[in-house]
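For reference, the structure discussed in these notes is given below.
To keep things simple, chains are lettered A, B and C as they appear, and every chain counts its residues starting from 1.
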Amino acid sequence: MNTITTEIMKNNKLPFKSGALQQLLAFASLILLIIFFSIASPNFLQFSNIVGILLSTAVIGILALGATFVITTGGIDLSVGTVMTLSSVMTALFVTTLGGPTILGVLVGILTGAFCGLLCGLAIAKMKIPPFIATLAMMMIAKGMALVISGASPIYFTNTPGFSNIALGTIIPGIPNGVIIFFGAAIIGALILSKTIVGRYTFALGSNEEATRLSGVNVDSWKIKIYTIAGVFTGLAGVIMASRLNSAQPALGMGYELEAIAAVVIGGTSLSGGKGTIIGTVIGALIMSVLTNGLRILSVPQEWQTVVVGFVIILAVYADNLRRKKA
Amino acid sequence: MGKALLKMEAISKGFPGVQALSDVNFELQAGEVHSLLGENGAGKSTLMKILTGIYQKDDGEITYLGEKVDITDTKMAQDLGISMIHQELNLMPDLTVAQNIFIGREPRSKLKFLLNENELNKRTQKLFNQLNLNLDPKALIGDLTVAKQQMVEIAKALSFNAKILIMDEPTAALTDSEIDTLFEIIERLRSKGVGIVYISHRMEELKRITDRITIMRDGSYIDTVITKHISIDKIIQMMVGRAIYDNSKPMIETGTDKVILEVKNLNNRVLKNINFELKKGEILGFAGLMGAGRTEVARAIFGADPITSGEILINRKEVQIKAPNDAVRNGIGYISEDRKRFGLMVDMDVKTNIAIASIKDFLNPIGWANDSKIAKVSKEMVQKLGVKTPSINQQLKFLSGGNQQKVVIAKWLTRDCDILIFDEPTRGIDVGAKGEIYKLLNELAEQGKAIIMISSELPEVLRMSHRVMVMCEGRITGELSSENASQESIMNFATQRVSIS
Amino acid sequence: MKKLLTIMVLVSLMFMALTACGSSEEGAGTSQGDVEVGEGELFIPIISKGFQHQFWQAVRKGAEKAGEEYGAVITFEGPESESNVDRQIDMLRSALDNKPDGIGFAALDSQASIPLLQQAQNNNIPIVAFDSGVESDIPISTAATDNKAASALAADKMAEFIDEEGKIALIVHDQTSITGVHRRDGFVEQIKAKYPNIEIVDIQYGGGDHLQSTDLAKAILLAYPDLKGLYGANEGSAIGVVNAVKELNKDGEVVVIGFDSGALQIEAIKSGVMAGAITQNPIGIGYETVKAAVKAAKGEPVEESIDTGFFWYDQNNIDDEEIQAVLYE
């Protein structure tokens, strides 16, 4: 029994160490990037640019929060980009065409996202359609519906001047609300993932779905719930997007899902499921936008910006693999 | 003895292409330890999966606590108080021990949707204290060894306050002292009136712990007997329907003097200065307690784990083995202890699994796989090793554990490896199939293959090995010739610790 | 840990290499690069609506030419797709943070960019709108093609080729941008007003994507076998139409009229598949934008609206010097 005890004690330390190391590593990369760009250009580290970075992170970041849940279950959600667009169109329709109050409009957007998530979840859990396919279908459905509902032209919030304040107004002086909403959503997401029953089953599903099922957990129903929660975040992102642009742009959104997934993966969430953190995702999203912004400030040609982002994704995931091997 | 807790009558169940159960009866009383015995594919697992709601029966009746029940899913079985410890571990590696045990019934805090992690760990610790288990509730399952994971499974099943507890090969990965602990727990449960279905192929254990034995063969019910009144030989005969290998048969001397594999001063994370030689035609046993580092030796030689220093020589020439494909190129085959995870592609068919390691031999000049050649070789192998499968096109997941093991062996035989490493070759395999595997190992040795056999079953090590290496805490603590080897001498070396830290 | 450190160092090295690479390209004068704005030099970032398209690259060429002549450093950026409104906003924001002397801006969506333009105005950074312009009074000048007039000319040419009667259809890049709407409306209104015997049977939107436009054009050609003419309202749409006509072996039967230039369109006109096309003056657009921005930055007066012009070109005049100057490959 002695050997067993000592080995358990040894094992015991590893998860703590590796978890901390992962976040430290991602965070260190972020800081390193910021330091690098600050030295390279005096225009990088100025308040308005930092706020700009945070604001442009908000939409992809909130999308990535939802995607973290889905990816941690071992699934994937390709529909977040266009569902976000559909949500913003629904909000715009409600607030402008139907003349509804702004606060309800926000709710309409979020509910649209949740509803699309619910549909994806149903298709995956009940119809046993693989997540990749189910959400690919939803991606197309949402894209089409956004164009149909909007009449294929942008809907402007010209008559509701308060709407752009959702993302661009400043409750805390100098910091746009969109940024605050992003961090608020991240905190809520982190609480759900680490402290609630939904979060626990998110990890359980991604870790070993069959074992979870055999433990008497209603796997189908939780999957549906998790996709719905991801949808709530997507809907929120739609509202923020609409508010930022002061309009709902029905043609927007394709490709955003991949950026959200990239942010999640850079943040150390495993595509095979079972491992993931919200703080990692937030850092991942920040790394992406600091990188884009920094390269832009340095006037690196646009062609090369894309190349760099691609390399960073590879390196981030490789570094994470190395860390896992060590642990 | 008490009244019947459970009655299963005339249970039948068919799968595509195979009738798994026909008219099987089983009865369990409160406070009874009842063994379910049969060869691989006899239908024990299927019967128990019906009882736990994983499969639905086609026909028959289940009476539980005097009432007819229809068990529709696993949740219902749990609610009824029927728990099962599966042979293939069903845990979530990314969750902690406590999280695994209480999955599906996590303690909540006052706000209903928030988890109460403290309470969770406290309850788990309490459970461990009751069971005399020395495990950390907060450890990640993925970081534990198979043996410890199994103990978690047992604790989990017991935590349901089960009235019926089904154990499928619970001791397969446990050391003797751990088995003693388990049996103590079983005794305690028995006195509380819990009915235990005990599935194991270790006859000594059945004699020691069970009250009755129900024997199955080929999906049919054979008989139920009282353990005290029957001999092991008789049980085996009923189980196989024929006489089995002779336990006292002398070892065939196949060893030669030609050293084929030499390991010098091998070190890594776990291993310390491993030195040994393996000769052509020899079966070299590796004995030791759980966690002694035997599997790690195999994995290091096979290139699955990195080594920090040391040399590996094959036919007196030093070779660099950095990854399993280096090992395979040098003629080393590794038959893993965890078939499901490392040895097989369970969703693919028998012939693909056999051909996969040597697929290059089956390619025609254009690069197509030559299907007829694969089929021919697979058929030969299936016949030679006596794999019980309806055809070589059967998916592996429908085969029993013993037959899956034979397919892994067939894979490496097809690759024509000179050095074969068997890690727990008979783990979870019934007595009949065990005899066949032993026979096979002897034949291979006779053909001049060099074999390393890692085993936790001392009788198996003593029966099969020409020489025995004993390990403890990552070191080789002793080498015994077959004449000098005994259970006592092995245990002596196996517990030779440097220091008790 | 050693490997992790190596990776970090590698990443940093990669950035250095890339920024250096940017500068060397700058030195060669083919591209914008790391900005080394010298004393007295002006810094003018250009935010365009696109990047990969030949049209935008021609605008870039014109802008760089003006930059050299007027002593201004130019950077040129645009989102990957013309639907990426928010990306363009981010680019505009970064450009503002880089403390420019003026900005050239072609808005994908005017509404969405107004808060930032407001900010530019407050910081006294002059904005010159180009291409489709910006629907706001903040830009001090707009350098653009009169797309409606240009498209009306295309309609006249179409009518001429099909003898003022029969069925025709349009492939337009999108229905949300001002260019898309103007080019569609300019054409449709002209036909309705002047040619009562011509029927527009279908208008489809292909996002300016070659492949998608090809599929749309093919579908139209199959649905209306008696179709007499097809108009592609930008480079991608026009090439889509050309592809469709070729794939269905209808060259000669259907009159194809395009917009903008590019190697494929020029080739189609030379080979006769395309009757002709309208070209804007993208080089002129870029040039005039930078010129206006420089003037404004120096406090000189600028015209409120600069018409950069358009031309009809076909087999007959494609090699004329005047046309060659505005075509891009």
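General remarks:
Keep this in mind: contacts are C-beta pairs under 8 Å (C-beta built on N, C-alpha and C of every residue); 3 or more make two chains touch, one makes a residue touch a chain.
Everything numeric here is computed off the predicted structure, so don't read it as measured data.
Every chain gets a centre from its CA atoms, and the centre nearest the mean of all protein CA atoms is that of A. Comparing the CA-atom centres of all chains against that of chain B, the greatest distance is found for C.
Taking each chain's centre as the average of its CA atoms, chain A and chain C sit 33 Å apart. Taking each chain's centre as the average of its CA atoms, chain A and chain B sit 42 Å apart.
Distance from the chain B centre to the chain C centre is 68 Å, each centre being the mean of its Cα atoms.
Residues 1, 3-4, 7-8, 10-12, 14-15, 18-19, 21-22, 25, 31-35, 51, 75-78, 80-81, 83-86, 89-91, 93-94, 96-99, 109, 111-112, 114-115, 174-176, 205, 207 of chain C touch chain A in their complex.
Contact residues on chain B toward chain A in their complex (touch as defined above): 54, 74-75, 78-79, 86, 90-96, 99, 103-104, 106, 108, 113-115, 117, 134-136, 138-140, 143-145, 148, 156, 177, 289-291, 473, 497, 500-501.
Within the complex formed with chain C, the residues of chain A that make contact are 25, 28-29, 32, 36, 40-41, 43, 46, 48-49, 52, 55-56, 59, 152-154, 156, 158, 164, 168, 241, 244-247, 249-255, 292-293, 295-302, 304, 307-308, 311-312, 315, 318-319, 322-323, 326. Those residues of chain A whose C-beta lies close enough to touch chain B in the complex are 1-9, 11-12, 14-15, 195-200, 203-204, 206-208, 210-218, 274-275.
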